[in-house]
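This report concerns only the one structure given below.
Going in written order, the chains are labelled A, B and C, and every chain counts its residues from 1.
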Amino acid sequence: MRPAQRLFWLLLATLAIGGISLLLGAVGIPDWNILVTVRLPRIILGLVVGMGLASSGTVFQGILRNPLADPFILGTTGAATAGVMLANLFGIHNYYFLYCMALGFALLSIALVYRIALIDGKSPIQTLVLAGVIVGLFFNSLVFIVFSVFYRESFNVLFYLLGTLAGGDSVLITVSGILTIAGFGVSWLFARELNVLTQGEEAALHLGVEVESVKRILFVTASTMAAACVAVAGMIGFVGLIVPHMMRAIIGADHRYLLPASALGGAVLLMVTDAMARTLAPPTEIPVGALTALLGAPYFIYLLHTRQQAGEF
Amino acid sequence: MKKLLLVLFLLMAGLLIYQLLVRRGTKTLPSGRGERIISLSPTLTEVLFALGEGEQIVGVTRYCTYPPEAKSKEKVGDFLNPDLEKITQLRPDLVLAERWSSTKIVNRLRGMGISVVEIPSPQSIHEIYEAIQTVGEDIGKSEQARAIVADMQRRVDIVTRRAANLSRQPSIYIEIDLPSWTVGRASYTHQAVTLCGARNIFGDVEKAALLVSREAIIQRNPEVILSFEASADQIRRRPGWGEISAVRHGRIIDHFDRDLFSRGNQRLVEGMEKFQVRFEALMRE
Amino acid sequence: MILKLENVSFGYKGQPVIRDVNLEIPAGSFLSLIGPNGSGKTTLLRLMSRVLEPQQGRVLFEGRPLSDMNAKDIARNIAVISSEQFFEFPYPVSEIVAMGRYPYLARLHGLTHEDYQFVDRALLLTNLENLRQRPISHLSSGERQRVFIARAIAQQPKLLMLDEPNAHLDIHHQIAIFELLRSLNREHGISIVAVLHDLTSAAAYSGITVLLHEGSVIKVGKPGEVITRTLIRETYGVDVDVFPSPAGGFPLVAFAPKK
């Protein structure tokens, strides 16, 4: 099957699974009110976040030339939590404001990472990764310190960042949705450049790619998508790491097909796991991040195993 | 890819079947008398029952285990991440939540037009009175609320006067959680214990709860220890703790029902009374 | 004159690496750049392909300053194969080679029929026809090197630059690569600048040799004029035997264990 055909089937599958998801949840088959006000937004959020995380992971893996990169490799979650905690300390509980703080701080940490890694107008990949680890650690420590000292006040906020799709309301879903789709669109425009970048920065330069500006653009889009997802849904791991791998095995490494495939694959994975999160032990909700890890890890091991047999890695 | 999609579809089908088989709780809504209340806080659930609103409660959290009638109510999840669908299905007129519940859910509920009252978590006994009053007013039972508060005040009074009979104020270390979480001045637990005649060794700290270093505890040498989690045995075996007065004289109150001291509501008084009895017994030895 | 370096200097933090280099490379040359480790060969190559900007002086391609050309412009004229290549992702050979057409592609447009013809031609010249669909991560280093050369050929360059193309290759592949380069130069008119560490192959295949030492050009000329016992002793610091090859026309460098 040609890649374009596979994409088509993937799209169909996404819509089908979305439809089936409407029937699954804590109250079984819901009445119209619950369906429209609670369940549908949640499924749309699953679509958006799945798409955003997977696309972000794909782009990061491409520009960092690291198949083990995930959207949070540059410390976005810690920063987002720090932002929300800070707002909470000042007694601000307004939900929209907290979202802005989470988004703002996540974007801030990315700008910081880029700035730290910038030397002589260039930001080599290795330095970016290191800077990301450092900034991530910094914000995480900040979060821990604030939490230990202001225990009682910070409690509800810590769980703000717990990965869950329960929280988005239509405004925030729309904002994150727009950011994610925009990020995806721009990344897709640069899919060819992304392909060439995987050959190495110097090789890409020799092939005519404006490496520094392309890297900067892709960096911004991938980070924005990750930040938009974290701000609305907290930290949901594994999706950004595994889906690009899965899709690379299915549709190939050409980002012109890989990016949309990852987006759809991420949406599917998250919708399925969120359906499980809602349905398995009602009315308790199993954290969706734990389920993605539970589903993802064995599949990842399976992938590694088959690749080893095929002689890679 | 076909394999993958097949697996995913099978998974979804499996979920659908599972959902069909597992009981979802009653879907029929009982004919209401108007007020349908959901409580997202075990503390507030207890208050509601005390105010005689038990009938009107249609949903509680998993952790609402007191009074026993609460256990038979529909569950909506836990207080940090309650299930929105469930709550919506139960069609509440009012949702009571404590300030430290998930802000997300409260906002969502309000966005759907459901009335949510957030009660700030009390940090002192006075604030407990206020909280009970507020709840009472919100459900139109201010009289009953006033009665409960009055009763509480009366009993607190008795406890305070009994405490005055003690020759001195022994120092106490209150351990609310492992490894060494204690309460500071801004907590009703602290107040409760103080009114019973003990002096909280960390009463100088202007916080509700804090994680302290074991060194500080040993240095402050409490004469009594009140523990909610750890047993007296476990405490005795902690390195360096053999020096502490409480350990040397065997004045450790363990297995104390934590609910009596950690629910910011009328049960606190019961906790105070029970504590005072054990406390006095210890000091008499 | 396909490439001209005028008073080019470059250094890092006050440490000069390239000192005032002047060089004229005629079109159609096969130039070997030799010199001891640390003499600045790779840096010079980077300056010639605009990865680095000269701190003094300038580099001209067919009379135009490199600094006036943008990345795609340069890529349409100069192809470079660095010594370090990355192949973590399993692209098939044909796609890697197709990346050589990047400088010619309009945004949002696919490869044209013409583009595919250039790719096919590159695969033909490098003898990779039957490896088209193989993922690059599955190839031997010899085959991989040919893929990168094919990609460079697909760029339709006038000038091809290579940095130690034969490192890690066995003698079979070394000769194969050199023959390929020679035919590209002679039959297809592509000028070649290659950094080489093996003096004998440099002498055998190149028409001009440039000897670099501590950032300065020591000698430029025919291989026989540059690769001499004296010059090698002065720059590389070793004593070797240099004598005419039995094949005729170029020197052989040989050495034996010390007695």
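Just so it is clear, contacts are C-beta pairs under 8 Å (C-beta built on N, C-alpha and C of every residue); 3 or more make two chains touch, one makes a residue touch a chain.
Predicted model, so just to flag it, every value in this text is computed and none were measured.
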| item | value |
| --- | --- |
| Shared interface partners, meaning chains that touch chain B and chain C | A |
| Chain pair whose interface holds the most contacting C-beta pairs | A-B |
| CA centroid of chain B to CA centroid of chain C, Å | 75 |
| Between chain B and chain A, distance of the C-alpha-averaged centres to the nearest whole Å | 36 |
| Intercentroid distance (Cα basis), chain C paired with chain A, Å | 42 |
| Set of chain A residues in contact with two or more other chains | none |
| Residue numbers of chain B (touch at least two other chains) | none |
| Touch list for chain C against partner chain A, complex | 49, 51, 70-76, 78-80, 82, 84-91, 95-96, 99-100, 102-103, 105, 107-108, 137-138, 151, 155 |
| Residue ranges of chain A in contact with chain C within the complex | 65-67, 189, 192, 195-196, 198-200, 202-203, 205-211, 248, 252-254, 311-312 |
| In the complex, chain A residues that touch chain B | 1, 6, 9-10, 13, 16-17, 20-21, 23-28, 30-31, 33-34, 37-39, 93, 95, 98, 148, 151-152, 155-157, 159-160, 162, 164, 166-167, 169-170, 246, 250-251, 268, 272, 275-276, 278-280, 282-285 |
| Residues of chain B touching chain A in the complex | 1, 4-5, 8-9, 11-12, 15-16, 18-20, 22, 24-25, 27, 62, 75-78, 80-86, 88-89, 99-105, 107-108, 111-112, 121, 181, 207-211 |
